[in-house]
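Here it is: the structure, laid out below.
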Amino acid sequence: MARKIAQRLAIFAVCLLGSSLLVFLITAALPGNVAQVMLGTDATPEAVARLSAELGLDRPWPVRYFEWLGHMLVGDFGTSPLSHEPVMGLIGPRLAVTGWLVGLGIVVAILISLPLGMFAAMRRRHLSGFVVNAAAQVGMAIPAFFGGIILCLVFAVWLRWLPANGYVALTDDPPGWAAHLVLPVLTLALVQSAVLIRYVRNAFIEVLHEDYLRTARAVGWTEFGALLRHGVRNASISLVTVVALQLASAIVGAIVIEQVFNLPGVGTLLLSNVSTRDLVVVQGTVMFLVLAVLLINALVDIAYVLIDPRQKSGVRG
Amino acid sequence: MRRLQLNVGIGLTTVVVAMALLSFVWTPFDPLQVVPADKLAAPGWPHILGADGFGIDILSQLLVGARSALLVGIVSVALAAVVGVPLGIIAGQNGGWLDELISRLADIVFAFPALLLAILLAAVYGGSTWTAMVAIGVATIPAFARTSRAATLEVMAADYILAARACGTRGAKLALKHIWPNIAALVWIQASVGFAMAILAEAALAYLGLGTPRGTPTWGAMLRDAQGYIFTDPLQALWPGLAIAIAVLGFNLLGDGLRDVLDPKLREAR
Amino acid sequence: MSLLRVDDLAIRFSKRAPAVKSVSFALDAGERLGIIGESGSGKSVTALAIMGLLPEYAVLEGSIQVDGQEIIGLSDAELSKLRGKVMTMVFQEPMTALDPTMRVGRQVAEAYRKHTTGAEQPTARERVVDVLGKVGLEEPERVADSYPHELSGGQRQRALIAMAVINEPSLIIFDEPTTALDVTVQAQVLELIDAVLAHTGASCLFISHNLAVVAQVAKRVLVLKDGEVVEAGEVGQLLSAPEHPYTQALVAAARRGGGDA
């Protein structure tokens, strides 16, 4: 088991190294002067030279890459040369917004997709199961921003139940915080659950064919009871990986949803710095998000080793 | 019933392709012409689906928007397939360190979402159709590499491959003559699903203002503009949203339908 | 009154040819009946029909009465009250018949809890260990705390038998319970089945493709072929003077030692 975990951590390290190199090469080492891009075409040569010096662009890129990497390893994602604020200082206060959105979004998505996917699996030969499956198929085709706009239209514009956009901190006004998060969280959850339902359905259809489910029924469980007792735990082993992938995609999806509902999250920070061409902040924020995605994948793989009793002793079957 | 997915998929994708083709020869209005007098015209005549906040005909923009969606889809999927499929076949065919290297590279790129890559490229080069296509294409490479690797591994164990190898066929010749024909169907399925993802990603980028710049109508940008009128004119958002959903649904169903028809193993489970 | 009464049972799966055409038999309390036939003869389908475990698209005709109650047409919820308590079934594949993610003791305990009231539930653990010991498992405590993959095939089949008998049902159906086991383990499990039936006084339906195996457990045998009963009678009588050519072939196979019993 320890070997498997070590192996997974090694993959995490390699992926981190590879993706940081990719981020660095795109922003820092490709042709064209980074300082020029950041200041725009009408900047004076003196200003460009000053920024180049400040960013240390005169040194070879491998040196700059390892310096950047070394700083990140101790939690320093760079400092904006335009606003002179450290990137982590910029991300910090916005992280709560994105964190709530993604975290609650995934939880709600699981709460929606687990029962519906189970239902679709049990009733796969009935019209009702088909309808759930078809709805999931249609849901997958609806882009998050369109879904968000529709929810906004129904609940904010027509029913006037909830605010259309904006954010209040939890510590300032808890009910307001909740009210502002309902629509974004629901949007993210619906988009995610459309994908999840299909995985849940397939996982449960597989479990329904298992012998141990028949054993459970032979000693007195109903099909549904047996599925709750044995199906959920077995299906969840294969679903853990899927949820991890969805969590990663939710982090990226949050960037779009923050725009729809005008939330001051990490995605909004990233996009506003794309428009001001602050490449240091863009680089740092992208790397931060990639790190989050990689970390989630690694942790889930490790959790997978821990929850499946067959993996512990190294025996399969 | 079994072919329902496939038939609906073919139907919807045909609609989208027809929209794009029609836009080359005819649109009701000039999709770029600003007519202040027609600003926010209601659906009816002559603006069948109404006009947007600039007074531009919505139907005309929708038709031309299909071009952008399909263009980004075709180029990014082609890029991903041209790079990913050979890599996957090489990995599956040779195994060993080459397989390990390609698989780990795929892992790294896979951990890098298309949207983040596109944002990064847009930050450096400015958002354009090209940055969108490259970002989506590169991010889709691992999907093709993994699909073809898994399929190649399966094919490599088959008797006819063993026979071919016994006759001394190997390397590129084996890949082209014996492996590719047997995994092509799976690659086409992947292409259809990848196409749907590409259209969705392109729309998101255009919505964020990081894809195809203004001057070329895109469904994503139309939605972005429409959001500003959500309190007064919610129908504006409906049309581009529907167009995206129909295109994505169409290619997803096409992929699933093809899988049902082509892969008998999966058919059993349904 | 018979404990189990099957009258003119016919089973079809959607549009395919019927899996069972016309099967009738009865089983008294405490009686052991063997059903023999090759794969596809309809013996397992008949057993699943008695348990009410056939998929919902199966079409059943005729009558199945357990303890005077008609089984055909009962809902899953109604059947689940009978399953485990009145009748139960032990399957062929012990390797896959236990949930790989749950400790064996808990799986047996859940079978017990399903049919007991709250007052008896705290003693479930004691009862489980007791029954695991009675089915011949050494160190029943350790077995209860094991995951299925940590046990051998024979141990798993014993645990499954423990699960089946823990609520002392009146009817136990064994569907090829030894087919997947090694020859030496087979003999032990057959002895166990014999002992358990003698001890509890339960009736038994023993399904196998091997007449030699059936002869060790059951007195009376039903020979099934293509969904119909072709011959029925005492084991000894069938072995010495089989009438139907199909039975003669089965007897010849059993005489050769059964080989794959």
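Letters A, B and C mark the chains in the order given here, with residues in each chain numbered from 1 onward.
FYI, a residue touches a chain if its C-beta (ideal position, glycine included) is under 8 Å from a C-beta of that chain, and two chains touch if they have at least 3 such contacts.
Treat the numbers as computed from the prediction; the structure is a model and nothing was measured.
Contact topology of the protein chains: linear, an open path with no closing contact.
With centres computed as the average of Cα coordinates, no chain lies farther from subunit A than C. The largest tally of C-beta contacts between two chains is found for A-B.
Here the spacing of subunit A and subunit C, counted between their Cα centres, is 50 Å.
Mean C-alpha positions place subunit A and subunit B at a centre distance of 21 Å.
One finds 54 Å separating the Cα centroids of subunit B and subunit C. Per the touch definition, subunit A reaches subunit C in the complex via residues 125, 210-212, 214-225, 229-230, 233-234, 237, 308-310, 313, 315, 317.
Of all residues in subunit B, only 104-105, 107-109, 111-113, 115-117, 119-124, 196, 200, 203-204, 207-208, 210, 220, 223, 226-227, 230-231, 234, 237, 240-241, 244-249, 252-253, 256, 269-270 touch subunit A in the complex they form. Per the touch definition, subunit A reaches subunit B in the complex via residues 11, 14-15, 18-19, 22-23, 26-27, 30, 32, 37, 124, 137-138, 140-146, 149-150, 152-153, 157, 164, 202, 205-206, 248-249, 252, 255-256, 259-260, 270-271, 273-274, 277, 279, 282-283, 286, 289-290, 293-294, 297.
Here subunit C touches subunit A in the complex through residues 51, 53, 56-57, 76-77, 80-81, 83-85, 88-91, 93, 95-102, 107, 110-111, 114-115, 147, 149-150, 160, 163-164, 167, going by the rule given at the top.
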